[in-house]
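The structures come next, written out as structure tokens.
Below are two complexes that have subunit A in common, paired first with subunit B and then with subunit C.
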Partner chain A sequence: MSIIEAPKAHNPKALADQSKVPLTTATKSTSTTNACRMCMPLGACLAYVGFDATVPFLHGSQGCATYIRRYLISHFAEPMDIASSSVGEAATVFGGEANLRTGVTNVARVYKPEMIGMASTCLTETIGEDVPGMIARITHPETGLAAETGQRVPNLVFASTPSYAGTHADGYHAAVAAVVKAHAADGAETDSVNIFPGIISTADLRHLHEILDGYQLPHALLPDYSVRLDGATMARYEKLPAGGTSHAEVVASGRALASITLGGLVTTGVELAGDVLASDFGVEHLRMPLPIGIRLTDTFTDRLSELSGQPMPAWLDAERGRLVDAYIDGHKYAADRTAIVYGDEDLVLGIVSFLSEIGIKTVLAATGGHSGRLAAELAAVNPGRNIAVIDDSDFEEIEAAASELRPDLLIGHSKGYATSRRLGIPLVRVGLPIHDRVGAQRLHHLGYRGTQELFDRIINTLIQVRQDESEVGYSYM
Partner chain B sequence: MTELLAARARQVIRTGEGETGIECEKQSVAGSVSQRACTFCGSRVVLYPIADAVHLVHGPIGCAVYTWDIRGALSSGPELHRLSFSTDLRERHVVFGGEQQLEASLVELIERHHPKAAFVYATCIVGVIGDDVSAICRQVSERYGIPVVPVQSEGFQGSKKQGYDAACEALMSLIGTADASDVGPHTVNLLGDFNLAGEIWIITEYLKKMGVEVVANLTGDGRVDDIRKAHGAGLNLVQCSGSTTRLAMQMQAAYGIPFKKISYFGIDDMAAALYAVAEHFKDPEMLQRTRELVSAEIAEILPVIEECRRDLEGKRAAIYVGGAFKAISLVKALRLLGMKTVLAGSQTGTRDDYEYLTELCDPGTVIVDDSNPAELSAFLSEGKADLFIGGVKERPLAYKLGVAFCDHNHERKLPLEGFIGMANFAREVRASVCSPVWQFAPRHQNSEPQTLEV
Partner chain C sequence: MKTPEAAPELPAKALAAVDVEAISALDLSRPDAGLAMPSGSPDPDGLVRDLVSFYPPRVQRKRSRHIKVNDPHEIPKIEANVRTAPGIITQRGCCYAGCKGVVLGPITDVLQIVHGPVGCSYYAWMTRRNQADVPDDAQNFLNYAFTTDMTENEIIFGGEKKLAQAIREAYEIFHPKAIAVFSTCPVGLIGDDVHAVAREMKAELGINIFGFSCEGYKGVSQSAGHHIANNGLFANVVGTEELPASMKTNPFRVNMLGEYNIGGDAFEIERILARCGIQLISTFSGNVQYSEIARSADANLNLIQCHRSINYMAEMMESKFGIPWLKVNFIGADSTAKSLRKIGRYFGDEDLIARIEVVIAQEMGELEPVRTDVRTRTNGRSVMMYVGGSRAHHYQALFSDIGMPTVSAGYEFAHRDDYEGSRVLDSITIDADSRNIEELTITPDPERFAPRKTEEELAALEAGGLKMHNYDGMMPEMAKGSIVVDDISHAELEHLIKVYKPAVVCSGIKDKYVIEKMGVPCKQLHNYDYGGPYAGFKGAINFYIEIDRMVNAEVWRLITPPWAAKKPA
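Moving on, here comes the complex of A and B:
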């Protein structure tokens, strides 16, 4: 009698890689099922919240503001006040100027903001509302609101963000561009750098500050919602909690040494704030992918070294060193594994590039965005790799591809959970929205530290699958 | 200090100060940061749980995104309602019209999913760009032989209320389109129950024990074929009265079906609802079965209530929910737990509901219509609330201030209807109010209340 048992039959799933078929180019559906994007006004509201003492304000029907509030509250677990001009039937027919004016008056009275960040909606764009004209009338020194009410009128900025024209990422960038366009000013060049971080977590925003401080580089994050959307419990309620990019920082952005846009894959026609500052004030604009993975973070930190004249700070270099060590320690768990990555184009670009440096093959990169440039940028960052991309996608399409490709992992926001559950493929949650876990605000994605966190979560997910599938049930993997 | 906008001054009253005649049922004040949604939301809420229909949102993507699988409306069979379908209109459709996109989308989705019906929700811009939604629905309906129902739910029409009405119109167009001759006399339709966390199954079970059959669920765990023969039922039970009273009235006018406005929240109202059914059918045996059912159910949950009450006695609660009828049940349920209500408000309550609330609540209670974060946070502080009952948008207000919270919205995953629901409610309230985490909240170290200035 042998005391050594023969190994159990190999799990057929582990061999499935070899049977994978290339993605067939399916015909695009006419309708959209389970969208993989959100609407433009949501992105605009999120951006505005990152400017100090600013209230987002949607010119449209009441529902837009409320739906967006609810969606963002469920992600950030923080109050998220968005005003609305509450356009009704009469205003739809005769124009919404009176509503907009009343709305501005009431927000100014209750919130006493420095700025009201306004954005249009499908309805007000379609009925042809001239919001810049209305703002000019509201702020007119003799006939405007100040003269009428004796109240101070906050700064009013406006971005055009109809949902039919783009995604939440487009709305975000349109709002940031609107803010700098309205308030950035010329003057003697400073040694400060503008960072346009894109839609990232509050933990990422805090980490960016830390990295830039490490290079002793004066900087502004435009915008920065890390305090307002991840704040402490209060003794007294603050309607407009402090925090965010200050007005002075916005003004000074026109005099900065340089601007760096992280990501910035937007639909044609949507302007980037960095481009606005470049054309209006000649501020050098560098656009680079989100710093995820070692190579893309190196690209970012090299730039910071050049701009600051400082070497990489020792603590950051140590983080990089530990990350390389972790890659090596965990690489065999990643070998021959495959993933589908979906979500915002910028995040997909960063994550796919990171996966390629740890040996996980991305069998599909999917996004609801439609800049049309994701495939080219993926190819540029990952030469020699043929990564299948579908943009303007939805979960009907992503799930069909996933059931054919049978990847080991799905990586994306929590709206992929249903697909993950139906197909039995684990989901590693990144980005926004995350509505089914606590701590979305605290997830790191950027820098060596963010990459380390992603790496650990991804590898541990793969280990857990192996562990759970094992009939032995090892506690030592 | 928070300022109450002058335009809203009459939408807030305090009980016991001789104030009556709260203003309500009006358009939200621009810039007030109302907690309300829009007409589309109202329609979507009512029709959403019909599980074997395609629910196609005709418009740009946002409206469909924010209503994708966010509610706990369960189905015992098909789950088409959990998918989010949109015509996803783009710039070109806004310029040239969206009719072709709508028709092609309907055809595609009907052929893909073989639904029993399709609802097409018109969003804000559909009328503005001139799409004839009814005509497209008619054509597609004829082609596939299923009802394709337009829902006139353009968001700008008003609040959720107008959306409820549009949904009721859509339901009325289905009711009466199938043979109901096999429907017996002791039968009801359940209106305004959305089967959140399986609640409608609890109610159906009670009715079954009493000897009452349910013809159609309107709309929790709803099925198109049941709804089509809903006109055969002997009685309509209207739970969420704000949304479906109109449907009950229309069914009464068209088919002579009487209706009762009832609530399944709390012991008193749940028992009253079942007795109302038994009395309606004038069957002494049914009444006896109901008595037995009620006393058995109460006996089962009473120990839980008593145990929770020991921990909750004397605590103060604030309520801000969708409809005021629900607030009424909650005030009673909280009393059973020994708790005092300091704020009772709703997004879309009616004059009658508010008047009853004003009578019901202790003196000094704030009654508010269509409130907002600035006001609600001041009311919570001023009333020294230990608990806030509301939905997703109210939750962070409570937590930010260090106040316990009970989710009583459509996202909930815990059944709160029925006798067992009251026990769940008691446990849920206690779980939050009695958590040890509050000791660290600054509010409990420094408790000077905020006040509201009119």
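Moving on, here comes the complex of A and C:
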């Protein structure tokens, strides 16, 4: 393994090179250094919060719930309650069923939820806990919790999410599939569409509603954490704030006209909710990339037009027009610039495709995910562009690549900040986690509007570098 | 690296004017009385009953033992350090968090590898905001998170080989002075022996490599991890190097235990100690390097800031090397002054005592105008705090400085002695969860054991009002009728806020937004809301200004719109 010297800061004003440690070249090492993905239970908890009156519940050591809470809370700046069965040493040896049962009792009593969204952790998966069996015993009509305590037992769903088997994105999709599998029902087809949005911002979720309403298309977003994770301050605190996909919507998802999964690049073996509905109830399942950039948003809106029989609403058409106008005005700043894009596979696919529309060359698309399909999907959307991809990656690799490739921009979440700082390359923050800026919840990424916001942020970042580098001090760029 | 410097000159006139005799007569052993409860506070006994009413009967009984109405003169017994009821949304973390996240994490030049799946390492990656001032020629791994990133393959077939390979590669790339390995939940379950791997790699690579069995499921909270970290650091690092003779010229040599340099607190403590002419050898663990900890056995006094997380280390160092320990509190201006006086009293040197007095006078001179000004806007406004294993106690002093009474407080992961004081140590029942955490048996080191004070000297100090190896705990310094809540749950917190309507609640990020949704500002005392330092004199000034801003910010008045305010309630 060769060692190269820590490169000097590109931008003399940058507070670069805090590190006293030499950077390494991009060699695949045994350990992961500064990971570019989080764990499966985190994604599961995030998904569960998007279902109405649901409390996420992790079966395992309480540290998992605590760490995940502090991470999601620092991104959304909102309360985020995750219960834990607090499995300790004794329960690790003798089994955690009693803990799980007490946990469910306490959550049911204090929070009175409609649903408890359960997920496993490394601990309970390694000792082989049979959570579905436990749930069956808790909900048993004669010997279950309701018979024992006289208390109503919420719906209990379970997703298997050991961190060693996948990423936070996998955990998210596993939880959504678990909810749908448990509660979707058959019946006469409706004219509603299921949208499986993936891990996107609360602003994006609200914008998706707006677009779908614009096509007068009845729909459900599964899940939808836009209210619970971007709430108002009203001088009172709701233990279980309202908002999210309703139980009725989950039940009806089995009778929908179609399902659309945005993104959905998951590790082999992780099931998508859209596939569950297709195989259980024959609901047509369309998978498409996140609608970022004009082409991918066109693909999405075109589908909505087909499904609704409605033309594009005038306001949306105008947003598209303004975005094209902005591309024309601004692409000169972008032309021939280079970027490294990193993060969740779905977001990387969307952003790289958008960048190629405005002339920014992605010199590296990196992700901690390992679906193995990112390169193929990128090539399909961007034929002839030969975009280098590293998956199952970490910041050791990304930083080594960045120090060689010297892109003009890094685009990704907050964990790239150290690289950005050391190399003096500006970072445009997208995705999750963003915990070094305010407003992560309010960032738009999707649709023409989200693309417009991304476009402005990216171009302005490039302009600022040019402006700062100029000795003249132009205020007219 | 903290290099001993000559203490700065202080005005000779001021030094000469210090009345050492009067200072030596001060009673430094008496707990400071907490500010009295505001008039009109609710009946505390009724409140405690209401607080648990929404739980099932069994949980009501359990929680009642953790919630007590305080009486500083007749301290009630409170249950602590027992397993959290499942499903109650707790603030507590895990054993791994206490070991890697808290105690070992801040050491800048020990390369730390988390043996486990990816999440555990990711979530402990710079999350505690420990700061460090690393010399140019030294390594700094603070912003690195190394993990073996276990996959299903290792869970089934074992991860020892992958761990050994990861250690080898890390060594080849970085050549660190030492490598520490941390176990996460699956490691103990699949039977990986991190200690054996560490031993083999230590022999192969020739640097110090040591492991920690800090699986997340051990103990009842991060507290178990602190203990395991103390044991490992003590057994593998402390006393393995000797302080060079050139650094042994100052007899007033101390270690600072339980100071993690969140927001730069340790920098401020270093500054104050240096002004007083006290030499700091090592801080466990903040702004600290491996060799400083290795040389810490050459100190003549251990100062304990966070008693909960590090008292084991102090006890073990006293048994093995003969270094006594003294509980201090550098949070709060008055308590900082008192702590410095205790150090002066311990060393018993008249010049040192005089220097300390002059430093206190100078620092207080700068601080008083700010405190007096802020106090006009904060006096009498109440505070609640539920945090940590020491902070919920220490910060009461800082609020007392500006006239704000603490009406309710509690720890996340402390033990009974942190509430009631060292005097209850013998009566603490050890349950199965704690029994599993190894208690090292320490005997005096045949070569290095040297009692810094004789039994007679210690007895004389005690008689003169200086309690050594003693912590009085939180409750003696809280008002009569205040409510103490151990391991508070969300539901209880919410109820207490509704009843007390405090001006500010101190907690951590997990509760911050719950509290602020209710229209009450929340000061995070884990990460300081990305501010600080709050320790020492300059830190106290920062804190006064910060609290003034928080409790008087315009935004709280904007929550209720004018049309809603007009409606009859």
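Basically, the second predicted complex is superposed on the first by the 450 of 477 C-alpha atoms of A that agree within 3 Å, B and C clash if a C-alpha of one lies under 4 Å from a C-alpha of the other, contacts with A are read in each partner's own complex, and residues count from 1 in each chain.
In this text, contacts are C-beta pairs under 8 Å (C-beta built on N, C-alpha and C of every residue); 3 or more make two chains touch, one makes a residue touch a chain.
Here the structure is a predicted model, which means the values were calculated and not measured.
After superposition onto subunit A, partners subunit B and subunit C are found to clash with each other. In the superposed model, A:237 lies in contact with both subunit B and subunit C. Looking at the shared chain after the overlay, A:149 reaches subunit C, while subunit B stays out of its contact range.
Of the two partner chains, neither subunit B nor subunit C is touched by A:441.
In the superposition on chain A, A:122 contacts both subunit B and subunit C.
By the touch criterion defined above, A:85 lies against subunit B and subunit C together after alignment on the C-alpha atoms of chain A.
Overlap of the subunit B and subunit C interfaces on subunit A: residues 29-35, 37-42, 57, 60-71, 73-74, 77-89, 91-92, 99-100, 102-107, 109-110, 121-123, 126-127, 162-165, 231, 233-237, 239, 415, 418. Put simply, subunit B touches subunit A in their complex at residues 2-3, 5, 7, 27-41, 56, 59-69, 82-91, 93-94, 101, 104-105, 108-109, 123-125, 128-129, 155-159, 373-374, 377-378, 380-381, 392-393, 395-397, 399-402, 440-443, 445-448, 450.
Within the complex formed with subunit B, the residues of subunit A that make contact are 29-35, 37-42, 57, 60-71, 73-74, 77-89, 91-92, 99-100, 102-107, 109-111, 121-123, 126-127, 162-165, 231-237, 239, 415, 418. Remark: subunit C residues 54-56, 59, 83-97, 113, 116-125, 127, 134, 136-141, 143-152, 154-155, 162, 165-166, 169-170, 172-174, 184-186, 189-190, 216-222, 432-433, 436, 489-491, 494, 508-519, 559-560 touch subunit A in the complex. Subunit A contributes residues 1, 3, 18-21, 24, 29-35, 37-42, 57, 60-71, 73-74, 77-92, 99-100, 102-107, 109-110, 121-123, 126-127, 149, 162-165, 231, 233-239, 368, 415, 418 to its touches with subunit C in the complex.
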